[in-house]
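In the two complexes below, chain A is the common chain; its partner is chain B in one and chain C in the other.
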Partner chain A sequence: MMPVLLWTDLLVFLLIACGIGAGAYVSRREYLLASWRRVGESRAGMASLTLLLAFVAVGLLDSLHYRPRLEAANGQPAGGYGSEVRSALDALLLPLKTRTEKTYSAPLATHLYAKETVELADGSQARVFPRLKHGGAHLEDAEAEWSRDVVLRILRGLALAVLAGPTFAALAVLAAARRWGMNWQAAWRRIRRGESRFAWDAVLLTLAALLLLVGPAISLAGGYHVFGTDKVGQDVLYLTLKSIRTGLVIGTITTLAMLPFAVALGIAAGYLGGWVDDLIQYLYTTLNSIPGVLLIAASVLMVQVLIDTHPAWFATAAQRADARLLALCLILGVTSWTGLCRLLRAETLKLRELEYVQAAQAFGASAARIMGRHVLPNVMHIVLIAVVMDFSGLVLAEAVLSYIGIGVDPSTISFGTMINTARLELAREPVVWWSLLAAFVFMFVLVLAANLFSDTVRDAFDPRVAGRRSASSAQEPAA
Partner chain B sequence: MSLLRVEGLRTVLSSAAGEVRAVDGVSFGLAAGETFALLGESGCGKSMTALSLMRLLPDAGWIAGGRVLLEGRDLLALSEAEMRNVRGREMAMIFQEPATSLNPVLTVGEQIGEALSRHTALRREEVRHRATELLEAVGIPAAAQRLGEYPFQFSGGMKQRVMIAMALAGNPRLLIADEPTTALDVTIQAQVLELLGAIQRERGMGMLLITHDLGIVARLAQRVGVMYAGELVEVAERATFFSAPQHPYSNKLFAALPRPERRGGLLETIPGSVPPLTTTFAGCRFAERCFSVMARCRSEPPAWHESGPGHVVRCHLYDQGATGRPQESEILIVPLEASSAVRFAQEDGSASLLEVADLKVHFPIRRGVLQRATGHVRAVDGVSLRLDPGRTLALVGESGCGKTTAGKAILQLIKPSAGSVCFDGEELTTLPAARLRRLRSEMQIIFQDPYASLDPRMRVGDTIEEGLLALGAAADRTAREGRIAELLERVGLAAGMRGRYPHEFSGGQRQRIAIARALAVAPRLLICDEPTSALDVSVQAQILNLLKELQTTLGLAYLFITHNIAVVEYLAHEVAVMYLGRIVERGAVGEVLGGPKHPYTEALLSAVPRLDTAGQRKVIMLQGDMPSPAKPPAGCHFHPRCPRAMPRCAETYPAETNLGTRSVRCLLYE
Partner chain C sequence: MLAYIVRRLLYAIPILVGVNLLTFTLFFVVNTPDDMARMQLGIKRVTPEAIDKWKAERGYDKPLLFNGAADGGAKLTRTIFFEKSVRLFVLDFGRADDGRDIGHEIKTRMGPSLAIAVPVFVLGLFVTVSFALMLAFFRATYLDFWGVVACVAMMSISSLFYIIGGQYLVSKVWHLVPISGYAGGLDAARFLLLPVIISVVAGIGSSTRWYRTIFLEEIGKDYVRTARAKGLSEQAVLFRHVLRNAMIPILTGVVVVIPLLFMGSLLVESFFGIPGLGSYTIDAINAQDFAVVRSMVFIGSVLYIAGLLLTDLSYTLVDPRVRLQ
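Right after this comes the complex of A and B.
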């Protein structure tokens, strides 16, 4: 196979490298580490982080792209590579990807959701719900065996989870025990009673809950379509898992594209004032007065035309779709920095009048230095909150934009495209509800986990909040 | 029968650090027509006591025990609905900050009317009439017309008067005043204190006065209760308290006050700070900071000891058989030896360090679409100063007179509109930016609010290092580290504290850090902008001592901006009094404060509450407030409030008159 590095993959790996770098930086600084320890002590924060990491793991697997080697008919390796770009996730989910049905089928169904005219053995024709090619194909008599088989598979899945669970727990306990320098029984007791500072109990509980859901899902997916199939018979579970990467990419890379504008312009406007402030305000007021969707639609269409007129730029369809995804991220970023920019400008206006800024001015510190050393760290909590809030907002925005047809490439699987197709399915009689529900539930859990985690991080990093917590007794209780 | 009896009141606040026992067994009584003052530093539970009496505690707080009897009725047993009838009608409260105690979107008339219609059965017209009467009673001119105005149209002192009028609306028998004048200027404070005293005498109300200012206690209270760490430690009549305080804490409070007699020596300080109220105290709460501490103080809580009629004290020193007596807080005049360099500079006297001539800072007022300047706020309007090396010049004035702006304009933090600032022979106003930057290490500033002047996200070491880096004072890292450690120790902190964040320090410690930051670049001039006004008396003494010691050892010159006359008397060599952007009188400290010439200086000095209760000096009451610097009065700026104004004063601004070593701007002396 030949590895393929898409633009968004590159940015995703860059982000991860930055994350690791930041981690190394933090781990060498005791005072920053203390703040992250407070994050670790929060149960809600750790539970949501566990969920988020599960999503990120899926997204990362889906970011390792390659082109499989073409196989010639006689089994000899052919000289070329397929034009289809696959990811590691695709390889894992190959059965789900390839086992397509003819059209809609309900979750765990054995028959299609639409009647078809079939020729019976005696030559007469009848309108029946035909059996699925793959879903429940192993059953002889679908009606009679179905419920038993499903229950059995769920039990088998749960058993798998119960077996896998202690493995994780044991790993966690051993790690903790080594850390605390005690034997594993003592460490286990400490975790079970919630006495550890790091919220191990929350992590393990979340993992357990996840396993109890994932186990049966894996086991069921072997014989059925767990979330049903869509109009062209694709497995909805596969689609939902593929959507995660799109959501994560849009949520993170857009913010990255936006941050430099918002932070630099917001702080510069607030601190420097004068004509710089006038210019920046003029710029974002103008941007803001153009309807956002219109601006995005215009930019996306322009990019699309550009992409369509230069087919030679892209070796594969996946690369073309990826270029469009990246373009959407950048466009969303460029049009959405105004809100954060305003917030930062207002906060900087307040900060620059504070005495520690004036003290720095009295030292003759340069404007750039004051903005970097005194203003930026003190608005970082706003940036952090904005980034995570925007993350959820952007995941949702992608859904809306794809719904109205100006989002990602139609061939890119995303929550938005899933919801867009669900529009027609909801109007259908009887209603096809599963693909909308699956997209909704995954998106909801992702966004909720992100929001909960952001709250924890904000509380832990604001020294005023932390100070209130630890020093409120030392300070005067009354004004 | 006493109006109010508080018995064993205990109030607890829950916090992450544990239960804060803000009020821990406080008992006192208050008769009708009497003023009882609760005195103490911040964090002692004074305000919590007041809020407990009103049952207005924050959500995290509750009353854990005790009784509050108002005319024999236990307030703690009342239902919330009954309590609402007590509040306002039987007892009312005035808060510290008049700016935030009034609702900005309701007219003053509506707010007083609200209180009236809640507590009386008056009809609309009568309410209006009564509100006018109340405003007149608190001395607001043109009351009927001002009822329709909004709080922003009132000055701070006027707002506090409106608050008093609201408190009086229900004709309460007990008035609780929680630091009623702390946010006000001295001359306005004198007006409000006068008003409170008069109203109380007229109505025969009981008043519970909560304050940290011994001067206000001396002026208003009949009895005093000293609070420390959640409990009362001494209760006495005013006269006995001021003549012979018994508790070591009370003694130290007096000793820590800056006074002219202490000039040249160090002030007494109370080491440490008030312990956090989450602590479980085994013995006396003051033991850790007490000079007369004995072994039993740490193990056994002291009981009340009656040392005279109506004078009780909670201290082991007065136990039967105790040998120790409180050390008379003898004034230790530790003569500070000036280093030879300083003496040399002082004797030389010819070259002044800082010379400011006719400094002006005008802020344009912009109006309209095109933002044209329609006028100017003349914050500083022609200030001339001269400061010699190693000396302290105090710039005194009330808030809004432009003293802080003048300080910042001297440092070129605000661009002056006109005038010259000459520092060590170099003209700063026209100096190119690069040259100015190099000169910045010679002059530094310390700010008023130790909570706002340190970057909350920078460690203390980084904060101090900033100056070293910005001015390239110490090039390599180890040299800088060493210098930071040295500076921290210089201001009385441990070198190991450099890794901590500012929020881990108390107010006094933060101010020390701010001083260390300023000292990092070895300045010769330090502008101190009210460096102690946010601090408690005992901590103020520590900071003043430090400043004084630094001056003698390093030969620093201070431009000390303040409104606190006592600090000026203690610390300054020369003084300049500012009013509305101009200096009205300046000269040596003894001369100016001992025999003020300008009517404003006279009024300002007489308005300062003093401890000497025996000879109640006559306070010169100034009418009204300081005019806006955007529209200063024609002629002498002070003439509309001046008790000695002449017709001529409205015509021309008086020129500077030199009277020997001092100068005054007043037509009386021309």
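Right after this comes the complex of A and C.
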């Protein structure tokens, strides 16, 4: 196989590198660690983080792209690479990806959703629901064996989960026991009773719930289409898993693209003042005064024209779709940096009057050094809060933009494109509801987890909340 | 006061010039009119004559900024920049790709957009402020806790789900109101009921939570303690003191969107087939009608700037400490 590095992959890996770097930076500074410990103590925060990490794992697998080697066929020797770009997730889910049906089929169905005219053995024709090519194909007599088979598979999946669960739990307990310097029985007791500071119990409970859902899903996916199939017979479970990467990329790369602008301009405007401030304020007022959707629409339309009139720029369809995804992220970034920029400017205006900044000025430190060494670290909590708060909004925005027709490329699998193709199916009789519901449920879980986690981070880092917390803890002994 | 308004209006001019330059760059410099013509006519098998005809029909066959072939003042006026961008300032929007006058379309479509946006705005504000007050009244109880949980859950649901789900349940399964469409006069109520309710419900989560935070911040202040110390009941404190003072931060977010109500809602209007400006914009985006998109961008920024001005003026009404000069 030949590895392919798409632009968004590159940025995803860059983001992870930044994350690791930031982790190393934080771990050496006690005052930052203290805030993160407060995040770790929150049960809701840790439960949602566990869910988010599961989503991120899927998204990362889907970011390792390659072009598979062509197999020898039609007398041509093997060698060369197909134009199709696959990801590690595709390789894992190859059965789901390749086992397509003719058209709609309901979740766990054995028969197609629409009647078809088929020729019977005796030569006559009849309108029947034909059997699926793959879903439940292992059953001889579908009607009689179906319920038994499904129940058996669910039980097998649960058994798998029950076996896998304690492995994770044991790892967590051993890690905690080593850290606390006690034997594992004592550590387990402490976790079970919820006495540990880090919310181990929430992490383990979320993992258990996740395993209990994933186990049966894996075992059922071996023989059925767990979430049914869509109009062209693609497995809906496969589509939803592929959508996760698109959502995550839009939620994170957009922020990554906007951060340098927002931080640099915001701090410069606040610290330097004068004409720099006027210029930057003019810039963001102008951008802000165009309603966001319209600016995005105008920019995306233009990028679309640019991509469509230059087909030679892209070697494969995947690279073209990826360029459009990246462009969407950059456009969303350009239209959404103004809020953060304004916050940073206001905070910098406050900070530059403080004594330590004046002391630095008296020592003769340059403006760039003061902004970088003295102002920036002290506004990082605002940046962090903005980043985590923006994420869920961006994931939701992707679906809306794709519906309007200014989102990702129609060939990119995303929650938006899934909803867009599925919404007309509600008008069918009988209703095709599964692909719509699958997209909405996955999106809901992702956004809910992101919202809960961002609330936890905000509570831990926002000095106003921290002030309230210390005030209330000071009152407690008196009460 | 009048001097202040005039000065603010003068400030708006450079911003509108900036908006205009930005859209001009996006629509004519990043992609030349040739690119757009090729895109509209199909990339392959397009003759130079067809491109020239397409450009001439739409008035894109002139130089971008400076027309050397013309005489005198026409050197500057017979250009794309002057004809397409500068004319927006006198609200001359030109024609859409289908030949209709954009200004006329906007006038006729404003009515339906307002018919849906105004009830959503008023009702939504009333409902969310009431909910937020209720949560603030029962703060630190189970009602408050589960109310916040419900808000977070509701704001995590895609707005598409509210629309698609509501439309399916109410119109298709229960047959209570028509699925989509619009009629003039009082008949419109039948068509507007569902979209208005859905829009209000979709907005409850995030707004309620935001207003609750504002109320709680206000409740912690000294004057509230004084009011309680005077022996006022909790209701009197909440409605007469907290609500009125919390209106100042609430106004910041609310007044600025009032002029934008004219633009309508993209999603709701297109799902319910309401012939307002929102669905006009979506149709233009799907048909890649750049003239319409450009006009909407300009109107949107004019309305936004009007909203900012209104916000500042509204402060003087609710907060006697604010003096504009």
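Observations on the structure shown:
We adopt the following convention: the second predicted complex is superposed on the first by the 383 of 479 C-alpha atoms of A that agree within 3 Å, B and C clash if a C-alpha of one lies under 4 Å from a C-alpha of the other, contacts with A are read in each partner's own complex, and residues count from 1 in each chain.
Basically, a residue touches a chain if its C-beta (ideal position, glycine included) is under 8 Å from a C-beta of that chain, and two chains touch if they have at least 3 such contacts.
Keep in mind it's a predicted model, so treat the numbers as computed, not measured.
In the superposition on chain A, contact of A:374 is made with chain B only, not with chain C. Applying the stated contact rule after C-alpha superposition, one finds that A:455 touches chain C and leaves chain B untouched. Set against each other, chain B and chain C differ in how many residues of chain A they touch, and the higher count belongs to C.
Once the two complexes are laid over each other on the shared chain, residue contacts for A:364 go to chain B alone; chain C is not touched. Look at A:403: by the touch rule set out above, it reaches chain C but stays clear of chain B. Look at A:444: by the touch rule set out above, it reaches chain C but stays clear of chain B. When the two structures are aligned on the shared chain, A:356 is found in touch with chain B, with no touch to chain C.
Where the contact sets of chain A with chain B and with chain C meet, they give residues 468. Against chain A, the residues of chain C that register as touching in their complex are 14-15, 18-19, 22-23, 26-27, 30-31, 35-36, 38-39, 43, 152-153, 155-161, 164, 168, 172, 220, 260, 263, 266-267, 270, 281-282, 285-286, 288, 290, 293-294, 296-297, 300-301, 304-305.
Listed in rising order, the residues of chain B touching chain A in the complex are 13, 15-18, 20, 22, 42-43, 45-48, 51, 61, 96-97, 276-278, 408, 411, 413, 436-438, 440-441, 443-445, 447-449, 452-459, 463, 466-467, 470-471, 499, 501, 503-504, 506, 514, 517-518, 521. Interface residues of chain A facing chain C in the complex, by the touch rule stated above, are 282, 285-291, 293-295, 297-299, 301-302, 305-306, 308-309, 311, 392, 396, 399-400, 403-406, 415, 419, 423, 426-427, 431, 436, 440, 443-444, 447-448, 451-452, 455, 468.
Note for the complex: chain A touches chain B at residues 30-31, 354-356, 358-365, 369, 373-374, 377-378, 380, 463-464, 466-479.
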